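Heads up, there are several structures right after this.
Consider the two complexes below, in which chain A is the common component and chain B and chain C are the respective partners.
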Partner chain A sequence: MRDVLANSSLSFEEIDYIVATGYGRINVPFADQQVTEIKCHMRGVHSLFPNVRTIIDIGGQDSKGIKVKDGRLVDFIMNDKCAAGTGRFFEVIADVLGVKLEEIGQRSLLSEHPANISNLCTVFAEQEALMRLSEGTSVEDILAGIHKANACRIYTMVARIKIEKDVAITGGGAMNIGLVKALERKIGFPVVVAPEPLITGALGAALIAGETAAALGPRKLEGMKEKRRLEAVTFFDQESKPEHGKWH
Partner chain B sequence: MSDDNKRGLAKAQEIYNNRGRYARGLKEHGKKIFGYFCCYPPIELLTALDIVPVRILGDMEEPVTLADNCLPPVMCIFCRSAFDLGMKGQYDYFDGFVGSHACDAAERTSIIWANYIKSPCNFHLDIPHTAHQAAVDFFREQIEYFQAGLEEFVGENIKPDALKNAIAAHNHQRALVRELYELRKPDPPLLSGTEMLKVLIAIMGMAVEDGNLLLNEVIQEVKERDNVQEKKSRLMIWGSLIDNAAFTELIESSGLNIVIEDTAIGTRPFWHDIRDTENPLQGVAEHYLQEVLCPRTFRDSGRNYNQDSEMRFGYLKEFAKYWKVNGVFANIIRNCDVHGYEVPVIKDYLEGLGLPVLVIEQDYSTASLQSLRTRFQAFAETIES
Partner chain C sequence: MEYVVGLDIGSSFSKAVILGDGSLLAYGVSPTSGNFSTAADLVLGKAIQKAKLSMADLTLIGACGLGVPFISRPFTKIAELSCHSRGAHYFMPTVRTLIEVGNQSTRVMKTTSKGKVTDYVVSDKCAVGSGRILQIIAKVLKVDIEQLGQLSEKSTGPAKFTTNCAVFLETEAISRIAEGTPKEDIIAGLHRTLASKIGAIIHRLKIEADCMMTGGAALDGGLVAMMEKEIGQSIRVPEQPLITGAIGAALIASEKAAS
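Right, the complex of A and B next:
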């Protein structure tokens, strides 16, 4: 928070209302409200693309389907038990194939014969990618197969809440052109991607904070601000942290 | 035995936390203890012979290890967990075990319980999966065998009035639990879902008369205290049972108040009384087969899809109406086929009533609970919007 304030012309006291979102939302001691990333992505995308009815959020740890109607959150679905269909899967595969994460999407588009990747478990898919490599399959074909298989998995999950036009993709997955194209093929029509798909959730949180602050009014906000303290966000047990800032 | 100074909710909490110690205390005072699996064994017969029925539960905090040598991992993890606790000696105070063919997993568990855990006395009740007259007659006959077996084990017959008195005591317990449910109708409810769960689990490990005393204390305490609950969206739970307060606490700290549970540790064992019939076992058989509404029993269906849904789930509409429910959580313990197969139709039915439904297939482990928080919180946000 101090870093954010240092890079802006704002002081902590000037902030009227703070919404925390994402996995760490419950560990933000100075937040006035916690809102899930599901609702925040919905609000952020709705402000950018009012016609979007379905959002597919592909993050580093999970992927989600979110349904919007008239700017309201009406349904959602998420997977978080398995790395398949998430950014982590692509990180592992990029590492195995020795390709930079930012390049895997573009290179997958160069494939003419996508490899058949049958297994969607991250660990087994890693083995399968290595096996294809040893068989002489090109990196591009393997990447295309990986993207196709993941798009299929994400599509099947989101289809359970019915995919309706327009569809937006958010999260780190939206920055992978190969995944976006594979999903478009599966869905059957083009999707929209926000200019900054990593922060549509933060945008939504800010919009919710703005609305809430307006509804509360200056007097209530002043009372809340007086109690608020800028404390460090703690995600780990501080006592077990080693002195030199390195984890053993 | 529990600390006699504690009363009401504090006493329920203590027994919930120390079920084994409480049961062993009863045993030291000369009581016989029988464990029973699921909510189908007719515990009235145990009470009639002065045996304390203790409901067998699993433990979401204990990893399943020993049971996996005997039961396949594709089976319901609640059953595997309960059996695992048995293998680890946590139910070694049982004088007897009563299992049943409630569902396939319960049947397998019951049968191998006798082989591996070797409680001094074992029963397996064959419960039909339909509820028509021939099935009731068959089940009554099974209960007669059960009675004869119990009498032989104890060495005395059930006295003529003892069964009627036991049925009356358990019916009184059912009425008291329903009275407690009434206290969850106000908004916010006077009693949280977590408190309710602890009370129900406590009374499922006590002699019925002691359980009734506890229920009376809880009802009085809840009526007299200031309402401690916050106003939140009102949730009904349907599906597999929840037997750990960590789960209800997670739900209730995610913007939801649990107001009613159509589960096996909820309304199901308590919602209907056993009717007074000339042969008491007839009333017992009818009650368990026709009125304990677990989808393990197939009931008469209607002529078309809508009529069928209405006949099977109409009671949920009543629950939703009178408990002013805003949303439903369909809780599926992984591999609970009985409830899992119902999800598409029950979701369709409840959404048709305008009730949003959150379906979660969970791993029956407190270690994996926190990852569900976002789902419950987002579900609360869906209801609010």
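Right, the complex of A and C next:
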């Protein structure tokens, strides 16, 4: 919040309405409304790509498939039970292979013979990756195998709600070019990726906030702003230095 | 006397036994540490030394486990499940259900009065169904894996875990530590989660008494106690639960050679 205010040279008092989304949405004391990340993602993607019917959101701890029609939610599926197919899997593998997380996608594309990774459990796949490494398989080939296995897992999940054109990929996973390419291969046609895939949820939240603010009208908004100011003052005082991870 | 060796080269531990005319003379257990070939040699050397024999005294080697293809000496390969059930039978002929919880899998077998397998379930897709998670949590809590059982029994209120994924469990355990939950409660909570997951695997078979538990996880008394509650049966653990597979390998190899 502080960052975005500084970047836009706005003050907190100038903000009309705030919508919070994501896992931590209930922990934002100065938000006027909480909206689920599914709705916000859908809204954000819809504003960027109105033709998208299927959204694949690959987050740090879960992955979701969202089906959209005319900007409305039609169907939804999610995996938050198992680290496979989520950003967490890639973090673990990048760590064990000693490759930076930002680089794994790019390096996987250099592979000519993707390794066969038979385990989908993150813990076992980590061991398998180490074993391949000790057998002399190149890091690129292991990474390609890992991406292929995860794309397969995500595809199988999202296919349960029937994948329809256009397909958008969002979340941190969308920043991994290796995963995007592997998913495209699995799906059979190209997908769209937002220029800033991490903020589609926040973008959607802002769009919803704008609509709500317009519907409420200026007089009601003033009253709400007054209430919010009190909460914000205590909040900003307590957190005079924002710690990493507080703003998700 | 005929000396027969049984080797069980697992992903985490390598086990060797030497039988003299069908009875256990000596055994060795050592970590596999990523190199199957060296681990097999090392653990066999250990057992030979304990039995006060030399390599030339040995007549036959029977072997099972993940690392079998890497053993450098001539051996007879024996199917893994047969080895485990036969080894369990050696310790306790009344065993009808064998629960083997290893580093990479959990296997449940129904066995006959002769130690043969009649039905089985294997779970090797997920680390929460295996003993692997015990190692992960022991590392996170900075306790020796051997202490997990004792600590778990001291718990007054097992911590609740909301996930069934080993990776997320690790994260949750770290959050619990940060919140100040005693490690006894974290371990007991973990044992409960693991017991219910393994219980679900066991219940796919119609189990009969007597039940025995083997594999590295059987060394963890806390887990065994939770498992007993979970399946409503008392569970026997042999004195050395790691070596049942190796004993079975030796017994079956020598029978094969005799016929």
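Quick note on the criterion: the second predicted complex is superposed on the first by the 227 of 248 C-alpha atoms of A that agree within 3 Å, B and C clash if a C-alpha of one lies under 4 Å from a C-alpha of the other, contacts with A are read in each partner's own complex, and residues count from 1 in each chain.
Everything that follows uses one rule, which is that a residue touches a chain if its C-beta (ideal position, glycine included) is under 8 Å from a C-beta of that chain, and two chains touch if they have at least 3 such contacts.
Everything quoted here is computed from the prediction, not taken from an experiment.
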Overlay on chain A: chain C relative to chain B, clash or fit: clash
Partner chain in contact with A:L130 - chain B first, chain C second, else both or neither: second
Partner chain(s) touched by A:K81 [first = chain B, second = chain C, both, neither]: both
First, second, both or neither for A:R72, with chain B first and chain C second: first
Which of chain B and chain C A:V92 touches, first, second, both or neither: second
Which of chain B and chain C A:T122 touches, first, second, both or neither: second
Which of chain B and chain C A:R2 touches, first, second, both or neither: neither
Partner chain(s) touched by A:K39 [first = chain B, second = chain C, both, neither]: first
Stretch in clash, chain C with chain B, out of 78-86, 96-104, 168-176 or 222-230: 222-230
Residues on chain A lying within both footprints (that of chain B and that of chain C): 81
Chain B residues touching chain A - in the complex, by the definition given at the top: 356, 368, 371, 373-375, 377-378, 381-382, 385
Residues on chain A engaged by chain C in the complex (per definition of touch): 61, 81-83, 88-89, 92, 119-124, 127, 130-131, 134
Parts of chain A lying in touch with chain B, wherever the complex brings them together: 23, 26, 34-39, 72-76, 78, 80-81
Touching residues (chain side chain C, partner chain A) in the complex: 11, 34, 104, 124-127, 132-133, 136, 163-168
